[in-house]
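Handing you a structure now.
Every chain is named by a letter (A, B, C and D) in the order it is written, and numbering of its residues begins at 1.
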Amino acid sequence: MTQSKGPVTHLCTHTLDALYVRDRDLVEELMGKVTFTEMMFLHITGRMPGAADTAIVDAVLVTLMEHGLTPSVIATRLVYHSAPEALQGAVASGLLAVGSQFVGTMELAAEILARITTDADGVEVAARREVQAVRDARRPMPGFGHHMHKPDDPRTPKLFEIARAHGVPGTYIAAIETLGRAVDEAYGKHITINATGAVAAVLMEIGIEPEIMRGFAVISRAAGLVGHIAEERASPSARTIWDTVEKTVPYAGEKGKG
Amino acid sequence: MTQSKGPVTHLCTHTLDALYVRDRDLVEELMGKVTFTEMMFLHITGRMPGAADTAIVDAVLVTLMEHGLTPSVIATRLVYHSAPEALQGAVASGLLAVGSQFVGTMELAAEILARITTDADGVEVAARREVQAVRDARRPMPGFGHHMHKPDDPRTPKLFEIARAHGVPGTYIAAIETLGRAVDEAYGKHITINATGAVAAVLMEIGIEPEIMRGFAVISRAAGLVGHIAEERASPSARTIWDTVEKTVPYAGEKGKG
Amino acid sequence: MTQSKGPVTHLCTHTLDALYVRDRDLVEELMGKVTFTEMMFLHITGRMPGAADTAIVDAVLVTLMEHGLTPSVIATRLVYHSAPEALQGAVASGLLAVGSQFVGTMELAAEILARITTDADGVEVAARREVQAVRDARRPMPGFGHHMHKPDDPRTPKLFEIARAHGVPGTYIAAIETLGRAVDEAYGKHITINATGAVAAVLMEIGIEPEIMRGFAVISRAAGLVGHIAEERASPSARTIWDTVEKTVPYAGEKGKG
Amino acid sequence: MTQSKGPVTHLCTHTLDALYVRDRDLVEELMGKVTFTEMMFLHITGRMPGAADTAIVDAVLVTLMEHGLTPSVIATRLVYHSAPEALQGAVASGLLAVGSQFVGTMELAAEILARITTDADGVEVAARREVQAVRDARRPMPGFGHHMHKPDDPRTPKLFEIARAHGVPGTYIAAIETLGRAVDEAYGKHITINATGAVAAVLMEIGIEPEIMRGFAVISRAAGLVGHIAEERASPSARTIWDTVEKTVPYAGEKGKG
């Protein structure tokens, strides 16, 4: 079955009376024995998670799930209002907002951490260089700053605490802390490591590639959006949101007045 | 803050140094203390799950996550191939397949279970009546039959075993088993309760509304699709899939030949 | 090439130096010779449109393109704000709102028109019966009523005028007008045939199946959403919309106050 | 109405008996008077198109609509098979493939054209410099090359012919032709200007911004995908595609065999 020279999958197969995921018997070895978090870790990475892997991924998914009435949530609620027969469309609509402007900075932060932890000049020198490059380009520092949490994003130390309590090597946590000192020095004020930056660091501690990190945000947010759909069903807000937005962005043309 | 007569949310708020989800402090009470499954249950239903709730939701999410190269997965892999910079779009694309033809039968099954467990004539009579109605309409019985698993879908007894081991009342499990006997009798052969039907029954045991059940499938499948993206990154199949489909569905017009 | 017993396509093929769509040479017979509207009509229906087909489809697409700050548009603007690198995701997000609650009534209206124009009892009797059934079910009459346009939706007579000016048979326009008289009689007041109902009638005049009508709304709305993205780029509203919605739907829990 | 300091829209407003789009009366000035192409041009750019604008946009939309069984189309057909009740989801699914790998090169080509037509050293020198930079980075040249059309993409000269016949200035067409000569020289062989590159050039001739060009591809492809849904309804291929892909990408694990 595996002698094909073409593409193959290692994810799933089935027989008349069994299913296998990553070569584990779904019914006998996984259902009732692993949590959803353990299952997705096995599925995505190909290895059964250890305690640190599970603790960190759970903490990351718990952290990213819900942030109030965000663009994602507003899209989902309005689409659900328009097409309640297709709940999957409402969730998909909101997930499409998991892009460069918010969650995408996680990947940029991870790439910086990958570079500074392997730089021949050492982390400190490399960190200062990265900060300088970002300042020169007049761009925001990925993984730093939060418009609402000051002086510090409270999720960041908690993520680091959970990771360290489970005995991760700590390379990337130390690296982002070094980067944080370089940021504070360069900007002449304290700028917090935000939850996105902290998530990048702790996921790197357990070997998650930067390019797939956004996937964890998407999974977590899917659950958050289902929660908003459940609330929208019980106490609708979409019609009010719609009316309010129409007034908030009025027509500025000449016609159709009075 | 709550005296508005307009819509309100009970899901999330934040202060300078804290976030609250469902009135729990995210950092102090949730991160590092609850699993992702517990977090989403709290978020979606408004109550902290007990052991049975968590065990059943975990089992459901583990069950639904992965089924091989399904339409969902093919869409996600091809969209990822075309737009790898937008992982969220690839996941959204596949999630849009979580519709009436496969997962949607979960809701129909749940509605039948809701009706027969509250029918004044009792479950047995009501079950026979439902089966007759479906047969008269020449439609498939929601939650029954599987094109691949014979004689029985192996996930079904496992889901029931997990639910019963955690002491659920068992009303809906018993109801779908009664329905199963009515199905076998009416069709003159054994037709398995499939995983979709079993999921409907166990989610009803813990009070999940039929209208929101599809949400759990969407969350679970989101993780499954991220797993396929990770595999697609490591060993691409999309180009081969595309080429194969072009040959599988040839042009049948007169022009453009040899 | 066509002797396969499997599925085939009649839509497109290509050679080293040509492409064919519906057996027409794209470069020689279509580009520069047909409008986009004619091209899509050929593609979707398989026949080159006559003047009435083109006039009606153009009028329908022009009618449905833009309606201000609708749920669709709000979703698109917010997703574009979050992921501007993926314009296609922003458009897809808004299109997901083209569902049962607004555009979907077009199909229901079309199905009613199909039934009453083929009823053995004649259109008038059948129309009264349909109205009675909708009233008995306490549902809104598909294709009738508009929350903003009173006494009449101005687009409706224009669509009928355009269709009649191009010599369509008029069967379905007459049928929806008969239905309108039955509606007014049953409800004891005038309820307008809305644009959605009128679109259903004129598309039926040119042989478009009810099940594919929603597709024209999707195409038209895609253009409308691109217009909103262009405006969002030039004068952003998403951040203000987000802030306003957060205030409009306040947190109603106990925590996180003051 | 326009004195707000907040965001405003110039796109649409309505009164009891009229709608206005871009300050034109929808019913009196647009329906029955403009084509869908003219309507979208007005909506997106804010100005009523001239003959050249309409001819070029029509040609672009006709060109990009359909390319056979592409990733986009496969996603749409499979999602439609899974959720036929939500046609909008099937179209959205396929549109999500309109990303960086195919259509996105249009924007990159447009940016190169913008640079070389404003370079102080003149188009020829700037073109050679751009080609060198792309070669040094070992990337494909945006807007050049086609895996199937050789030696030339037949759509390219047709797009230029249509644009020139309508009297456009020709700056960007000349620039991409200059770029083409630099490409051929640098690579030592002829590489065709492909349709994507040609579309970028002709859209620049009529003042369409690079950042919005992808929108025209999205609109056009939406129509193409509706055509595939119509064909899928009449002669289904999704089940065969699914079965074929399962065989094409076999399971490579140890379990679940024979």
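Heads up, the rule we're going with is that contacts are C-beta pairs under 8 Å (C-beta built on N, C-alpha and C of every residue); 3 or more make two chains touch, one makes a residue touch a chain.
Remember, predicted model here, so these are calculated numbers, not experimental data.
Peer 1: Would you mind checking the shortest number of contact hops between chain A and chain C?
Peer 2: 1
Peer 1: Can you tell me which chain lies farthest from chain B, using the average of the Cα atoms as each chain's centre?
Peer 2: Greatest centre separation from chain B goes to chain D.
Peer 1: Looking at B-D and B-C, which one has the bigger number of contacting C-beta pairs?
Peer 2: The comparison resolves to B-D.
Peer 1: I'd like the Å distance between the centres of chain C and chain D, where a centre is the mean of that chain's Cα atoms.
Peer 2: Whole-Å distance between the two chain centres: 22.
Peer 1: Quick check: how many Å separate the C-alpha centres of chain B and chain C?
Peer 2: Roughly 30 Å, centre to centre.
Peer 1: So what's the Cα centroid distance for chain B and chain D, whole Å?
Peer 2: Centre separation, chain B to chain D: 36 Å.
Peer 1: Where in chain B do residues touch two or more of the other chains?
Peer 2: Within chain B, the residues that touch at least two other chains are 6-14, 18-19, 68-69, 83, 85-86, 88-89, 92-93, 96-99, 237, 240-241, 248-249, 251.
Peer 1: Treating touching as the only link between chains, describe the layout with one word: line, ring, star, complete or other.
Peer 2: Graph shape, chains as nodes and touching pairs as edges: complete.
Peer 1: Going by the contact rule at the top, pick out the chain D residues touching chain B in the complex.
Peer 2: Listed in rising order, the residues of chain D that touch chain B are 68-72, 74-75, 78-79, 81-86, 89-90, 92-94, 96-102, 104, 237-238, 240-242, 244-246, 248-249, 251.
Peer 1: Help me check something: in the complex, which residues belonging to chain D touch chain A?
Peer 2: Result: residues 1-2, 4, 6-15, 18-20, 22-25, 83, 85-86, 88-89, 92, 248-257 of chain D touch chain A.
Peer 1: Which chain B residues qualify as touching chain A in the complex?
Peer 2: Checking each residue of chain B against chain A gives 6-14, 16-19, 21, 26-27, 30-32, 34-37, 39-40, 43-45, 55, 57-59, 61-63, 65-69, 86-89, 91-93, 95-99, 148-150, 152, 154-155, 158-159, 161-162, 165, 209, 211-212, 214-216, 218-220, 222-224, 226-231, 233, 235-237, 240-241.
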